[in-house]
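So, here's a batch of structures to check.
Here come two complexes built around subunit A, the first alongside subunit B, the second alongside subunit C.
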Partner chain A sequence: MWVYEKKLQYPVRVSKCDPRMAKFLTEQYGGADGELSAALRYLNQRYTIPDKVIGLLTDIGTEEFAHLEMIATMIYKLTKDATPEQLIAVGLGPHYANHDHALYYENAGGVPWTAAYIQAKGDPLADLYEDIAAEEKARATYQWLIDMTDDVDLQDSLKFLREREIVHSLRFKEAVEIIKADRDTKKVF
Partner chain B sequence: MSSRAQIDENYYKKLEELQQLDFALVELTLYLDTHPNDMQALQQFNQLAQQRHQCAFHFEAQYGPLLQYGHSYSKYPWQWAESPWPWQV
Partner chain C sequence: MSNNQLREWYPFVGPFDPCPPQIVKTYVVPPNQFIPYQPMNLPQFPLNQALKLGTLWPALYSPYESKCPPRG
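Entry: the complex of A and B
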């Protein structure tokens, strides 16, 4: 089971109301390489991956939910004081018409999250290579997001998340080596 | 309402201390998942876990429960459902 902890993994502060950035950040909330996709991808792959890497998928998958909450906090703080006019001005009129100030699992273009974003091949190497690619794509997205804001408080939290992608990618690469070593051992008679 | 902890300068300081300890523990957890035989990392993990337990205990005594389903205690009245939630601070 899971136990919720009433704190963020890392502080999230924003220095201004900025619905424009909130719209872009939605990519990491409900986009293909976003935190929701990441959490669901890893936690779903656990059941059929070799025992030696189940722990890693469980722990990274769980950390992704902490990142999802950080992104949600950013979006919430950046939009909570925005007027309908401000939301319309940055292209969030359709979002407001459907959701008011509520968050929604969609990408920056407003396309709802879909399970088609995640794969489960049942082949441990295929699954882990997908996970590595997902981390690298998320890292790139965080860089583009950092580049688009001058809010140093927001940048600080985004840089933390960018670094986590790098660590996750590294751990998944190590998991690939563990799987390969295990496979090779089994071939020796 | 009266039992609600005050969100002051000290709240952010103590919260950040806990976040720092927890960050090291998340890092060590993932590292140990792929390096289970690293004794030094394991010792550091267990030492920090103990430190984290103390830090969280003091934080909760002052600002209320961090976990529920029985993993944290509560004063009267039930503190868990009280604000603020993490995105509100």
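Entry: the complex of A and C
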């Protein structure tokens, strides 16, 4: 079970009216390497991974939901007051036709999220290397998002999220080292 | 970005390219690539700074600046 804290992991402030950026940010909401994919990938893989690293997948998977909430807050703030005309002007007309101002799990191109984005191979190395790759892809996505906005407040929150991907990637690399270690073997030197 | 995490490479520039060439391309190699397993007792950021930067560990910190020109 989870305990919910009614606050964001890191403050989200948006200081520029820029609904176009909301469309780009959607990549991290419902994209292949987005936070939803990350959270569901880790929290599902943890059942069939050696028990030494289950806790890591639980912790990081949970944090990804906190990141998802931050991305959702950014998208909501950027679109909540936009008129249909403004949404059409930035390419969100099809989104408005289908969803009004609601958020939806889709990528920046409007493709709906699919479970095919994530894998659970059952092999600990295969799963952990997918997780490492996912973190590096998410880091890259954050870099391209930071590149596309001149809103320093939005950049600030995105830089925090990017740094978390780097830390998570290292933690998964450490999990690989734990998996590789032959701990039950008696070593005689 | 002035830090040693940035790498450069120089893509081929053809004589008939339609757009002005990008002479230098860059990518970031964050510090996690050089740490297989984090050692114990590394130096730590002060807590308020750690909360802002997203990591407690200077050894894991990776700065990134926007390529978008600043406003104004």
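Keep in mind that, in the parts below, the second predicted complex is superposed on the first by the 181 of 189 C-alpha atoms of A that agree within 3 Å, B and C clash if a C-alpha of one lies under 4 Å from a C-alpha of the other, contacts with A are read in each partner's own complex, and residues count from 1 in each chain.
Here is the rule we use: a contact is a pair of C-beta atoms (placed from the backbone, for glycine too) under 8 Å apart; a residue touches a chain by one contact, two chains touch by 3 or more.
Remember, predicted model here, so these are calculated numbers, not experimental data.
In the superposition on chain A, contact of A:Glu5 is made with subunit B only, not with subunit C. When the two structures are aligned on the shared chain, A:Glu63 is found in touch with subunit B, with no touch to subunit C. In the superposition on chain A, contact is made by A:Asp150 with subunit C only, not with subunit B.
When both complexes are overlaid on chain A, the residue A:Lys159 reaches subunit C alone and has no touch with subunit B. Looking at the shared chain after the overlay, A:Ala126 reaches neither subunit B nor subunit C. Contact with neither subunit B nor subunit C is seen for A:Ala89 once the two complexes are overlaid on the shared chain.
In the superposition on chain A, A:Val167 makes contact with both subunit B and subunit C.
Once chain A of one complex is fitted onto chain A of the other, the partner contacts of A:Val111 are absent, as it touches neither subunit B nor subunit C.
By the touch criterion stated above, A:Ala97 is placed in contact with neither subunit B nor subunit C. Across the superposed pair, subunit B and subunit C both touch subunit A at residues 10, 167, 174. Subunit A makes touch with subunit C in their complex at residues 10, 16, 139, 142-143, 146-150, 152, 155, 159-164, 166-167, 169-170, 173-174, 177.
Against subunit B, in their complex, subunit A makes its touches with residues 3-12, 53, 55-56, 59-60, 63, 69, 72-73, 76-77, 167-168, 171, 174-175, 178. By the touch criterion given at the top, residues 28, 30-32, 35-38, 51-55, 57, 60-62, 64-71 of subunit C touch subunit A in their complex. Chain contact summary for the complex, subunit B toward subunit A: residues 12, 15-16, 18-19, 22-23, 26-27, 29-31, 33-35, 64-69, 71, 80, 85-87.
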